[in-house]
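What follows is a set of structures to go through.
Okay, so chain A shows up in both of these, paired with chain B first and chain C after.
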Partner chain A sequence: MTVAMTYDSKALYDELVANKLIIPTSVKGVFGRGAVFEDVLFHLNSKISRIAENDGAEVMLFPPTLDRKVFEKSGYLKSFPHLAGVVFSFCGSEAQHQDLVCCLAEGKPWAHTQTMTDVVLTPAACYPVYPSFTGTAPEQGRLVDMQNWVFRHEPSSEPTRMQAFRIREFVRVGTPQMVVEWRDMWLARGIQLLRDLGLPAESDVAADPFFGRGGRMLAANQKAASLKFEVLVPIISKENPTACCSFNYHEDHFGSSFDIRTADGAVAHTACLGFGLERICMGLFKHHGCDPLTWPNDIRDLLWG
Partner chain B sequence: MEDQIRNILKEHGRLASDAATLADNADLYQAGMTSHSSVNVMLALEAEFDVEFPDRMLKRAVFGSVASIRAAIEELTAA
Partner chain C sequence: MTVAMTYDSKALYDELVANKLIIPTSVKGVFGRGAVFEDVLFHLNSKISRIAENDGAEVMLFPPTLDRKVFEKSGYLKSFPHLAGVVFSFCGSEAQHQDLVCCLAEGKPWAHTQTMTDVVLTPAACYPVYPSFTGTAPEQGRLVDMQNWVFRHEPSSEPTRMQAFRIREFVRVGTPQMVVEWRDMWLARGIQLLRDLGLPAESDVAADPFFGRGGRMLAANQKAASLKFEVLVPIISKENPTACCSFNYHEDHFGSSFDIRTADGAVAHTACLGFGLERICMGLFKHHGCDPLTWPNDIRDLLWG
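Coming up: the complex of A and B.
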């Protein structure tokens, strides 16, 4: 007899902790990853590499810190001021250092001793790449393969909503037709991969979590124009499945912000897509159990074969 | 009301053409208004007319032309 799957956010979190897949900290949405979790994530990421291996993407890796000027130019603060993480540091004198140490010792606020630096925490894996595209793209456009830790300030005890997580990302630059065709190809690949991994994946048109009432309008516009799709898998809820892959068509947003042009001189269009590596791993643990040695053979072969 | 709407569009809409002479039904997005500038237009309209757009009105079409904005404001101020 098949037992119906039940979904419970806290139960999943507790199970991941009990099986040493994740290591809790005192901050919501921030936890360590254990060896088995990392092994699954590594092989999942490698599987994505195999799917993409003949696409000819150029690999570019950036640290999880982004040039603040690029961040400001990207328009992120117009849309997501509540999710951003800006890096501050101590740049003061010895006397100000004394003030800092005293505040700490006395349990007083010490934010006034900190100064904004030239970097922010990377908010989305693709952001560091756009300045390198400035200029004219080749005839066939550009295709880049990236991965990064990204930061979102959204503390939550729900395991799939993390403050820091890894995204395997691909970015396409070209004409609108090139970019949309590429996005649609990967949307099909993403659904297929997750279904091959035994996950009940479905795609849907989606919207970003824009800030405020104006944000509701931006989200409605984004949905109406079908600019964002997600591949969703039920992990903590059947009714509200979790986005495991995201496909974003930026139209000419980054092209005009960073002066990127196609070979014919028009403003280039861009799209990016990301696989939420931790979320897919959690989906696998949820649907197949916390011990990968007991997973169905075809799924093990797909990842470790 | 019409002049107030057109002034707000001039100030916040980032239109390529003159907001004062745009046709009533001209598409404001075609005229250069971006999603972000439409948000600024929406917030300025709320301040000017002392109204709050309900969620059902926070969508592209409502802010797509002078005529559609006027219809929305009239509906909100009629009550």
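Coming up: the complex of A and C.
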């Protein structure tokens, strides 16, 4: 059955809210998830686990907060300062607390009462793992399977552009050949999974949203070197489909930053890939409707079978 | 079988690391979780779901970031300013970005380049839900089941005192009688679950860690009114057992703050209770050993059966 679809960001948001799939807040890009949304997300995530089950990945999970020193070392603030979230806290005296309480009571700014802490919000799901790789990787390299919350400071009323979301992430460490072959294998798996789920997925070379004018050149270089691929699905626009999976080949960036070496002593190359769990769920709701009980049987079997 | 146990915070931390249950970082209270840790946590959480399955709670999940306005309204900064985490970001020009990059390169402070955003870290698992209750509750009140990451700025090398952790949380809204009866039912359930898991759990009246000298009086009042209970398990100390479940009766605090009313028009009372998922897992590792395959059969059956 082919349904004539119109794409409209606000209409999708309103429909997700009306069906209690998301619970709105007054901040753009921050909302709760309802029971059905979480059920779909859980089974999608389990399906990815079944695809990966014979790969022998080491399972890890990291909290939404990351060591600030790791973040500073990663270079994120050079490329994406506008997207980062840094955690501040009150470290003052009782008198300074009185000032804070007065500012709040009078509706005045209170940022001056806050001090930078040792943590930031995890900006990308793979960042926490690299420091744990420092040293020499085993002969076959490393492979890690994670599911982390990430933060992006980009408030938007477009439902797929969230400030906080979950990524099912895999990270590979090894020689350039190992890393690129693995990336290509997962690129094919990612497209296949989304198409099996009835989503019109296509892959494309992509670039990260680098900051400023200098960033335009970085983005062009990244595209020219085919370092980033995305699997895209039309969710809020047919012309500008939404990245639902992202594949990043970092070459030796993290290997150099965190002193990670392959068994032969060379600086290790790394790649990561992530499934945007909320975005894929929204794609499913957009293309198959807001009630999973009415979805095509083959798609239900794939997720709940 | 009774094992003579010694309690030692550092020894437990080292054992959790050695068994890859947690993955250390250089920040106190922030660490990754390994595959076995996550497997125990998942099945513990599922067991709590089975206990709650006939209660008819509405399932929700909120991201680790909370609307700053909700946070300001909640009164958290009056009572616990030192534990809060506020998200700042870079909102400057390209020239200001150059300043940020220079500071980083020279190892200088860069807090001045950051601006307060509209979000904070979720300080307690129940906070995001109250604004969605504004208005009149149905006759039978409300009951919500959540699982959220929460943040506390209290760096500590004691493994159960984390900066980021997951709480399985239930929230009840209704008349004082409805709320207190529900709280008491779950207090009994919580003690029973932990004892069934082979943990020497005891409940006690408790107080929150209010800030400053004035806070001592608030804590004494809270205790005198029996507004907070905890279910405690010795994990790092026999004399100072660790709170693994927490039960808070807020009286009309959130009802007034977020204009929540019962069907008869009165200001609604609320209570919440949370299972500290990581802490209970650590209790299990402490009391039964770091390899779940060697745990007593009845406990394995309870979690994996």
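To be clear about the criterion, the second predicted complex is superposed on the first by the 302 of 305 C-alpha atoms of A that agree within 3 Å, B and C clash if a C-alpha of one lies under 4 Å from a C-alpha of the other, contacts with A are read in each partner's own complex, and residues count from 1 in each chain.
The definition used in the following text is that contacts are C-beta pairs under 8 Å (C-beta built on N, C-alpha and C of every residue); 3 or more make two chains touch, one makes a residue touch a chain.
Remember, predicted model here, so these are calculated numbers, not experimental data.
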Touching partner for A:102 - first (chain B), second (chain C), both, neither: neither
Which of chain B and chain C A:33 touches, first, second, both or neither: second
Which superposed partner A:18 touches (first chain B, second chain C, both, neither): neither
Contacts of A:78 with chain B and chain C, given as first, second, both or neither: both
Chain touching more of chain A, residue-wise (chain B, chain C): C
Contacts of A:220 with chain B and chain C, given as first, second, both or neither: first
Which of chain B and chain C A:62 touches, first, second, both or neither: second
Contacts of A:5 with chain B and chain C, given as first, second, both or neither: neither
Contacts of A:188 with chain B and chain C, given as first, second, both or neither: neither
Which superposed partner A:117 touches (first chain B, second chain C, both, neither): second
Residues of chain A that lie at the interface with chain B and also at the interface with chain C: 78, 213-214
For the chain B and chain A complex, residues of the former touching the latter: 35-36, 38-40, 42-43, 53, 55, 58-60, 63
In the complex with chain B, residue positions of chain A that touch it: 75, 78-79, 213-218, 220-222, 224
Complex contact set, residues of chain C against chain A: 23, 25-27, 30-35, 38, 58-70, 72, 77-78, 81-92, 94, 97, 100-101, 104, 109-111, 113-119, 121, 128-129, 131-132, 149, 151, 153, 155, 162-165, 211-214
